[in-house]
Amino acid sequence: MIRLLIRDLALAVRAGGGFGLGLAFFLIVIVLVPFGVGPETVLLARIAPGILWIGALLACLLSLDRIFQLDFEDGSLDLLATAPIPMEGVVAVKALAHWLTTGLPLVMAAPFLGVMLNLPGPGYAWLVLSLVLGTPALSMIGAFGAALTVGLKRGGLLLSLLVLPLYVPTLIYGTEVARRGAEGLAVATPLALLAGITLAAVALLPFAAAAALRVNLR
Amino acid sequence: MIRLLIRDLALAVRAGGGFGLGLAFFLIVIVLVPFGVGPETVLLARIAPGILWIGALLACLLSLDRIFQLDFEDGSLDLLATAPIPMEGVVAVKALAHWLTTGLPLVMAAPFLGVMLNLPGPGYAWLVLSLVLGTPALSMIGAFGAALTVGLKRGGLLLSLLVLPLYVPTLIYGTEVARRGAEGLAVATPLALLAGITLAAVALLPFAAAAALRVNLR
Amino acid sequence: MPDLGKYAAEVLSAYGLTLVLVAGLILATWARSRRVRRALERAEARRADG
Amino acid sequence: MGGLLEVKDLTVQRGGIAVLSGVGFTLDAGAALILRGANGSGKTTLLRTVAGLQPPMAGTVRVAPDAIAYAAHADGVKAVLTVAENLRFWAGVYGSVAIEDALAAFDLGGLAERPAQALSAGQKRRLGLARLIVTGRPVWVLDEPTVSLDRAAVGLFASAVQAHLAAGGAALIATHIDLGIDAAELDVTPCRAIATTAQGVFDEAFR
Amino acid sequence: MGGLLEVKDLTVQRGGIAVLSGVGFTLDAGAALILRGANGSGKTTLLRTVAGLQPPMAGTVRVAPDAIAYAAHADGVKAVLTVAENLRFWAGVYGSVAIEDALAAFDLGGLAERPAQALSAGQKRRLGLARLIVTGRPVWVLDEPTVSLDRAAVGLFASAVQAHLAAGGAALIATHIDLGIDAAELDVTPCRAIATTAQGVFDEAFR
Amino acid sequence: MSIWEYANPLKFMGWTAPLVPVLWVLSGIALTVGLIWGFFLTPDDYRMGATVKIIYIHVPSAMMAINAWVMMLVTSLIWLIRRHHVSALAAKAAAPVGMIMTVVALISGAIWGQPMWGTWWAWDPRLTSFLILFLFYLGYMAMWAAIDDPDTAADLTSVLCLVGSVFAVLSRYAVNFWNQGLHQGASLSLDSEENVHDVFWLPLLVVLAGFVLLFLALVLVRTRTEIRARRLHAIALRERMG
């Protein structure tokens, strides 16, 4: 399994894939927003936590289809299915690789992009914390969605459609933490709920995803 | 060439691709925004034109890589290159097909989604007009980006990175029309500029894109 | 050292960051130049031998 | 109690319709079985079912767990990794370590550091086949393994199979050409399912 | 003045290095030429150059514009379209209309309304080859056309080629098997570019 | 003999070899003199206080960021028209330098903005168009990195640079239209009313010369490296062929 992780990371870096580009997409979404809504700093500061979260979510979403699709197309997934690794392990490792190459860079870039949207001072720590807690759930839920759609020709957009509603709770609690943090309010409740979602997703979804994969390989 | 258009449209509809799903993505981005920035109607109304444009742009962006990638992978593009159609024509037809399956549905859905964001009354007509004028440029610029990245393994995100800065002028004039329209101001100047960009893109970019395609097939 | 007044932090950090970035660029340029030159010399030597 | 792989009265389906029915054979250690049949007769479907990638419609496939190494039309080669990296990855997955034998068996030594995307069709195929050796599994299930191979490479492949058989392995191979391996042949044409018997559980209940 | 296709002193390159050099042949109406060569010897590269998909490194390919129909490893079949729709599309692109001949030549009549994704490997290949007939072009340039085909289908292919030649066409075919077509053969092995002469314009200038 | 002879890789390596140390030394001198002059020997501005010293890195880096792109545009065109490999490689070599200059301008501007405008970042047109320029640099470099075959990469990046330049100009106008902004006007232009005072102007010119020389030195070294890397690539391929 560690082999699989190493290979996936190597592929992500080698193919010029996941790593730099998820980040770049995040950057660009954040840059586009002021063009859309106008340059007033007060307005931007108000929507900053929400937009940052949505940007991170979309960047994550865009790279989801690589989780299984490439391995499916070239037959690797068939071969992995007949290899001596449990499918649940494959799913978990691939979700982890996705988080390492996409979620983690997003977390680290978020504060810098916060500056561009004039995020208020106390917001930074909470924004980062909420992303650290929330993005693993995004990767895991995304891996489940990717497992569901892997057989379909260019399931990319169908994948988005399936996954986005699943992302809503994470998004709500995540932005709630970031927003309340930015305004200096109490954040304990949404924080606990966010952590709960992430734990549950990581504990349970690999089984669902593995089942979906097995069906899709049939 | 008309054959190619028909085939591309058939493929988009048949594969459950472009058509419904670009739309769905647009819908979901718009739905996510209130979760992210909070439900106040005044705030939402102010950012509505911008967010609608950005949503349309992202939905467009996501489906760009299908323009050439599928045909490249299964060898159709090699065969089209040796067929008696000029490459410029192939590019133009494919951009047109992309617009018909993605841009046009977005234009038609935008007013309904505007309601969700409390877009002010006079804004609707201008929003639709700006999208009608602007989305063809998005498709054509996108086709150029897709032609540049078609040879690359999963160039999807690189494509976004290349294309988004190219989208900036269109986005600015487009939202400017929609925003000024919503606030009842004069829109003639940005409207003329938007139309100018679209015309120039449609007239010139097929040549650049065809050149890039030829290089990539080499 | 001139008296930078209350803006010392800004001015110095601007100069400092610039120095870091430009020095990094120069170092990277130099290191790659050296690495590639060495590798090429080795390769040419191999060609001359074989 | 029988061989490494025992298939009894198997019915396999594709797209909800039975394609072959009543397929049965046994594969002992050291034996190879070549599947014959015209295009579209159902060889690929049969092999996928045997490999456990899709459930049988009826009948049984008896094989030790984790005994099968499957190689299909698509060979799971990553274009951006080198030949050695590709093999080392699969070696790691199957818990073996040495890839030298595999490289040697398919004459890939000189190409080891080449990225897979810079291989010709036949070279890529050889890499796909080399993977079989690093799996260390006893039962090879191969779908048209010699596609794009030249005659010399077909010879390499035949000797790899023979070495595998000599070491107590078994092989089930679907192919249209003559491999020059001493093996039993099974023509699947007579097993073709008759359309009227092609029914899933659901249809059965529905009728 | 000469044949349909004239190749003179051609050097072809892949990844910036010459693979074959000094290749020359002429193909007259009614003639076929079979390219031979081990895996990785450069057949695919040569065919792509002849088809105009990549520029030659040196030498010339003389052929009438729009005379070549090229068929490669990947056959450009759309999985969600039916067999007939796939063919009709290519017929439209090449300005012909009838697809019945093509369907008949490769025995695809019964599969015409089947989506291409529900075809077996060999059936898909037959569809890819049927495309050649609807192009109506005189020079066929084919890269391992018989991959995955069974013997009957190879026979169909051979007669399609013969009919094409009889109608004044020409064919250039890279393959590893015996097609049973009466044709000249060209082994590319002797044309292999020697490493030291393998230089692009750029490297030449550099030294 | 036409001037294109000098673009022959071998000749290029020859005539640039003695130039490199000269450029390094000259740029070192100009930068040291200019920066010491500017940093230690100029008074504070009556409005901006000591922050005015940031001008000595901000303005030259901003100018070099733009100039680097212009140079890439010109060399890309030369590659597309005359297919001189050195030209394409020079464009590749200039991109990272231009990108770093863009980052320096952005960072020094941001630091300057905090005391002057009370914010690190504002969506001022000049700032915004620099951000877009940064994105163009990123995309251009990512494109080079993503393609293996050097000639393919040169062709595609050149086309990108061409189209990108047109859109960069379009963006500049669009951004101006969108927001009027806070940024200084062009204070180096002679007919401007708010010319920066001579005291600041002279050292600035010296630093500017230093940046130009540094840019030339860096691009030259990098181009030479790229030529060698290209040669290395060819040799490695050949060895693989056996």
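Here the chain labels run A, B, C, D, E and F in written order, and each chain numbers its own residues starting at 1.
Rule of thumb we're sticking to: contacts are C-beta pairs under 8 Å (C-beta built on N, C-alpha and C of every residue); 3 or more make two chains touch, one makes a residue touch a chain.
Source: prediction; values computed, not measured.
Undergrad: Quick check on subunit A against subunit B: do more than half of the interface residue numbers occur in both copies, making it same, or fewer, making it different?
TA: same
Undergrad: If you tally contacting C-beta pairs, which pair wins, B-E or C-F?
TA: Top pair by contacting C-beta pairs is C-F.
Undergrad: Using mean Cα positions as chain centres, tell me which chain lies farthest from subunit E.
TA: C
Undergrad: I'd like to verify one number: the distance from the centre of subunit A to the centre of subunit B, where each centre is the average of its C-alpha atoms, in whole angstrom.
TA: 24
Undergrad: Round to the nearest whole Å and give the separation of the Cα centres of subunit A and subunit C.
TA: Taking the mean C-alpha position of each chain, the two centres sit 35 Å apart.
Undergrad: Touching two or more other chains, which residues of subunit E qualify?
TA: Correct list: 15, 73, 80.
Undergrad: Among all residues of subunit A, which ones touch two or more of the remaining chains?
TA: Those would be 15-16, 21, 24, 28, 31, 35, 38, 153.
Undergrad: Can you list the residues of subunit C that touch 2 or more other chains?
TA: none
Undergrad: Per the contact definition, I'd like the list of subunit D residues that touch subunit A in the complex.
TA: Residue list for subunit D touching subunit A: 51-55, 66, 68-78, 80-81, 85, 89-90, 92-95, 131, 135.
Undergrad: Where on subunit F does subunit A make contact in their complex?
TA: Touch list, subunit F to subunit A: 110, 119-124, 128, 131, 135, 138, 142, 145-146, 178-179.
Undergrad: Can you check the complex and tell me which residues of subunit E touch subunit D?
TA: It is residues 14-15, 37-42, 44, 73, 118-123, 125-126, 144, 147-153, 176-177 of subunit E that touch subunit D.
Undergrad: Flag every residue of subunit B that touches subunit F in the complex, lowest number first.
TA: 144, 148-149, 151-152, 155, 158, 161-162, 164-166, 168-169, 172-173, 176, 189-190, 193, 197, 205, 208, 211-212, 215-216, 218
Undergrad: What part of subunit B is in contact with subunit E in the complex they form?
TA: Contact set of subunit B toward subunit E: 2-4, 7, 10-11, 14-15, 71, 73-76, 78-85, 217-218.
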